[in-house]
Amino acid sequence: MIGTRTLSFRKLLLSLLLVLCILSVWALIIWFGGESPFKGFRYIIEGSLGNHYQFLSTLNKMVPLILAAAAVAVPAWTGMWNIGGEGQLLLGAFGAALVGFSIDFGVGLVNIVVALIVSAAFGMAWAAWPAFFKIKLRMDEVVTTLMGNYIAAQLIAYLINNPFRDPRSPLAQTPYIKSSFVIPYLFEGSQFSATFFVAIGMVLVLFIFRKRFITGYEFDITGSNPVFAGLSGIRVKKTKLLSMLIGGALAGLAGGLLVLGMTQRVMQSFSPGYGFTGLLICLLAFNDPLLIVGIAFLFSALQTGSVNLQLFTSVPAEISGVLQAVMVLFVAAFKTFIVGRREG
Amino acid sequence: MDIELITTLFRTSIRMATPILLASLGGALTYHAGIINVAMEGLMLISAFFSVVFSYLTGSAFYGIIAGVVASMLISLLYSVFVSFLKANNFAIGFAINILISSLTLFLMRVMFQGKNAFNSPDIASIMELKVKTGNYFLDNYLLNFSILTYLSIAIAFLLAYIIYKTSFGLRLRVCGEMPQALTAAGIKVGVIQLWASILCGGLCGLAGAQLSLYNVRMFSRDMTGGRGFVALAAILISGGKPKRVLFISLLFGLFDALSVKLQNEKIAPQFALMLPYIMSVVVLLLFHLKTRKQYGKA
Amino acid sequence: MKRLILVLALLSFVAMGLGALKVAIVAGDAIGDRGFTDMAYIGIQEAQKQFGIEYKVFECNVDPSKYFDSLRAAAMNYDLIFVDPGYFFDKELAEVSAMFPSKTFVYIDGTSSLPNVVSVPFKQNEGAFLAGCLAALLTNKTELCKINAEKIVGFVGGFDMPVIRDYQAGFEHGVKYVDPSVKVIARYAGDHYDPALGKETAYSVFKEGADVIFQAAGPTGLGILEAARDYGFYAIGVDTDQGYLQPGFIVSSMMKKVDVAVLDIVRMQIENSLEKGSVHVYGIANGGVGLAYNQFMMDTVPASVYIEISEIQEKISNGEIVVDSYLD
Amino acid sequence: MSKTYPNGLEALREVSFEVRKGEIHAIVGENGAGKSTLMNILFGLIKPTSGEILFNNNHFSPKHPSEAIDLGIGMVHQHFKLVQSITVAENIVLGMENRFQSKLRRVDREAMNESVASLIDRLRMSISPDDRIDSLPISKRQQVEILKVLYREADFVILDEPTAVLAPNEVEDFLEFVRGIREMGKTVIFISHRLGEVFSLADRITILRRGNVIGTFDKRDVDRESVANMMIGTATDLSEDPPDCLGNESVLSVEGISDVSGTIRDLSFQLREGEILGFAGVGGNGQEELFEALAGSLRLASGDIRLVGSSISSLDTLERRRAGLALITDDRMGKGLAPDRSIVENCMAGHHKFGKFGKWLIKDTDARSFTESIVADYDVRCGKNIKTAVRALSGGNMQKLLVGREIAYEPVVLVAAQPTAGVDVAARKLIHDSFRRLVKTGSGVILISGDLEEIMGLANRIIVLYRGRAVTEMTHPHYDPTEISYYMTGIRGAQDDRYSHS
């Protein structure tokens, strides 16, 4: 990651062209959805940044995206692929809910911290077995983590339907967490809470960890050349395992923060695919923690913006997925020209 | 176990296995060309959508399949351009395409069919079955009366085994995955080989999608592929892309799907039964690795 | 004639300008779910036709991160907000309804104790009970072409969740009520959006001897209904009258008339008779749930069955039968 | 036939020379002089920034290797581009195998093998077209690589350091083989920095230095010393003698080690203070395994390794490094460095485990000063910027960096595998000098090398490895290169009597 990046005129021009391309395709899609592009953009921008409420909503929705992306990024530093963020997030959410509705330590802060630690531990546990299989048997972690998502989804479906079902709800969901576990909203009428700062804090910690810590340095070297790392005395397997565990913990934490800060229970269809969106964000951000925040903001703004677009026009809300994907495709295409061919 | 039960299991397995088989055969091609194709889910879905739309409009399943295959090939072409020529990360592009198509099909349905996210109609023509009644129970239930695409898919498995291991294209394909520099040195463009593999993969995923939406059921509903593209990916990675093994693993997955329906009762919660195909894919992979670990002594 | 249309158009325009009732539906799923959202959508369209209201459907696509924002946006811009189904939104509704005390929220399919919320519970178990009775009666009528000798009926659910379990409980109770010797095979496809798996699930249940299958599975159910046609058994549809989907194979549908409820509530609101905090139960007694007595049913079901069903329905209405429920 | 390349690339500055038809034209130069770049341009793998090439008096600017191939240019790369899992014949005909397709598009394996076999026979080689590449020894693979080019009826063959991987006796065979190619009427460009080979083979020699052509000479007009001077710029003493600072204490003792796969068998030796112990052998006879066994990345079936008296065989790499072992790997890009990381990060690797840069947090200033001292001491040319990626350095500079980093451990025992492979003469000298300095402090050095000249010039003692066994041991000054090469190739000393000549 060390190395000077020159900002040449050509790169600037290409970046502008990239933005132009994305915007024009977006305009085309909005037009196809039955709305004039300019109005469409206006609603999207108003809906995501228009007033302090919308802006806070955009920030709030970044929380799971940032952490899910970080959950991919940290293992990627050591050359591991974590496609299981979705499952780890679900497990983490369940862990937080489990603590939240069953235990009480009396002090709000203690409660919240314990619940978050448990959520991270649950996420970590779900990342542990693919990592273990990988380092012990060289089993491809892409398959195991991917399949883990589906197994986790069914497992959670079972848990919230049977042993931990909220008997008062016709929906499959856990009981609500106790009020002492709730991370309170900071502003009237908005779901924005301290979870955002936790997520940003994690990103900063990761950034410093990677640049300044011996272990972070070992992560980078392991990812860059595992054979070399091994001969340098770095315990490659342990490092890879550790990175995967941290990744799982981050995804679990994302779930925990969602429960404590927003939903206050785990219900069916808890995650609309945070794990996969996180993967995309991470790849667009070259695994860089700070860039992840920027890209997550874009994704989140598109999401809140498209809710607003749906409110005032007849354009269906699915458009946010289309717009996000278009953005990913163009950025991926231009990446080669703008920053050259390098991964991570 | 009575025979009727086994027959039911068998027929369900075959029906559930066919789309997985077609998709994983397609993915096996890109796998040999050095691309782990995570976009198969999306390719199947776009084909399922256009198959239904064109089958509905033209009243012919054949045109439906063609439309689905063409749509899937076009998306696959897009995928290949990004991955092979623009050197973008295949996971990024794959997942982006999945999200794009999941949203796009819904979006198109909203725009085309006025606010539906499932579309069915008696005017949707179905893929033909090989309908022969011989009177022999075994023949009728175990060999005949499946979708023509089922027979085609098995034929394709053997055809691909031939193409990959016997033909010139197959040789280049394998080299492309193992050592692309060797191809460049021989004056063959790696990107072109990958492009062809991707397009063929698109075609096969297109057939898979058409089979799902014109035979397994005759309708389109949102995200109706339900993770089958990823199961296909698991089948490829487990089998190492060898077509005959892919065939075997896909049938195995079909069986697990059938069992996941069958095993539910008072004692086994549906969730655990439905986990089965995914757990088994991990277990099968695990067994393969335990076996290979014995072969190499090194840790 | 042209002039008349012009005048009417102008009038309706003026009426809207003068403050037509603004109604929002906040749907947990999306239009096309073959369930709550579709039914409410039909109701609101009808309401618009009758009363010239202004409406908007907010679709959340089962994405919990959209619940709060959608509710809030709806409450900000609309006066009467249907929350459909209410139990998706328990916590978010508590928060948003407190923020907008002057607005009226309608909790569909359940009861809520919040002050400015109108509750509209549906007794799906009663409807499912009738479906169970119908199934049990039919499976005994071996003279019908699709009925086999075995006394087995089936239930296929989509996503396994308590409300679907409630359908199952009512159905099983109904079957046992008519004939305790009839066996019920219950299976789940595990997903509301996988018709292919739904079809195979139904096939498996059918092959085990079931000749009447009741489905409660959203779009997955479309696959189950298709299985009825392909393999030749009777299916009972759910939520809407689904008979037209596979004519001749769907003996009836257990309807949950969310559309009627929506229309009723809008009417009450316009007539200013809607009280906040009131509860409007929809069950067999007031026709809020029940079987679809339509042409498809007449064509397939023998008259004797029809008469028995009517009698049972009467018994539920007057409280003689209390139907099991998975909930409460 | 004439060719002219003027070029303004960083690696090459206004280079021009010509090659005559039917000659063996050697291009010599230090590593980083631009030889490989030049050839890659010619072969269409890299585009020149300026200048032009004339081929048979026609303007020629290949955009893709296929264009070069079409014109009859063939290139054999320094790094093999052979596909491991397919057969010799398939590798050779790859790209042209569609000639053998039947109507069903099936590749006719028999016809393919036959056509390859006929070429093999013409060159009197002993390879079976049906062997898989991964079952062949390195020297055979090299021949397959050349066959590949000849099969395409190339008239103009570029050989990029072909002898680097060969054993001494194989080299002579190989040179004969190249002469055979010339007799077929083909033109050969031979890139090398082994002047002995160049002089025995080439008709004319072009000398490159730092991207410039010093000149093209007829072999008869120059001698080895003058060419070496032109290559390096200053006169260098080509002959070396091993250092003489042997102590008595044993620092490393290896007792009867065998690995799990059975590649090395019952290997024992002692290393004394201040000794350089050379391991000679043809590639693939257990050198890599020996290195891995010492490094701790290979599981042993039996035997023991003791470092200054205490057993290290159950320790992992890190613990061995802590015990005083340092490791210079072969394949610097694959194993010895992280090419995409900066020089600083590459220098820190391993040393960071000793707490030199802090226990948790990295102390940036310490890392910098440590790196700068290595860069200065070992003359690593990186344009003063220690944050550039290692990939941007030339092979020699990379190797110097690697050696510098390992010697900075001040190890008790240094294990060096191929420490000067593909490195220019100046760098080689620098590396050898650093070994000499190291042994003066009492450390021992294990030198595993395929370069016999290097071993004989540096090692106090030589052990020859053949099929994983130590077949002979010689002590300075009783070295006999002919004898050693006999042992290396199994003509002498193999324990199986059938293969040995009495």
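Points worth noting:
Letters A, B, C and D name the chains as they come in the text, with residue numbers starting at 1 for each one.
The criterion applied here is as follows: a contact is a pair of C-beta atoms (placed from the backbone, for glycine too) under 8 Å apart; a residue touches a chain by one contact, two chains touch by 3 or more.
Since the structure is predicted, the reported quantities are computational estimates derived from the model, not experimental observations.
Relative to chain C, the chain whose mean Cα position lies farthest away is D. Distance from the chain B centre to the chain D centre is 46 Å, each centre being the mean of its Cα atoms. Distance between chain C and chain D, defined via averaged C-alpha coordinates, is recorded as 76 Å. The centroid of the Cα atoms in chain B and the matching centroid in chain C are 35 Å apart. Touching two or more other chains at once are residues 154, 157, 161, 316, 318 of chain A.
In chain B, the positions touching at least two other chains are 269, 271, 274. If the chains shown are joined wherever they touch, the resulting network has some other arrangement, not a path, ring, star or complete graph. You'll find the chains touch as A-B, A-C, A-D, B-C, B-D.
Against chain D, in their complex, chain A makes its touches with residues 2-4, 212-215, 217-218, 220-221, 224-225, 227-235, 342.
Every residue of chain B that touches chain A in the complex is listed here, in rising order: 36, 78, 82, 86-89, 91-93, 95-100, 102-104, 106-107, 110-111, 227, 230, 233-234, 237-238, 269, 271-272, 274-275, 278-279, 281-282, 285-286, 289-290, 293.
By the touch criterion given at the top, residues 162-163, 166-169, 171-172, 174-175, 178-179, 181-189, 297-299 of chain B touch chain D in their complex. The touching residues of chain C, counted against chain A in their complex, run 56, 58-59, 61-66, 68-70, 72-73, 77, 85, 87-88, 90-91, 99, 109-110, 159-163, 166, 190, 327. Across the interface of their complex, chain B is touched by residues 32-34, 81, 83, 133, 137-140, 142-144, 146-148, 150-151, 154-155, 157-158, 161-162, 273, 276-277, 279-280, 283-284, 316, 318-322, 324-326, 328-329, 332-333, 335-336, 341, 343 of chain A.
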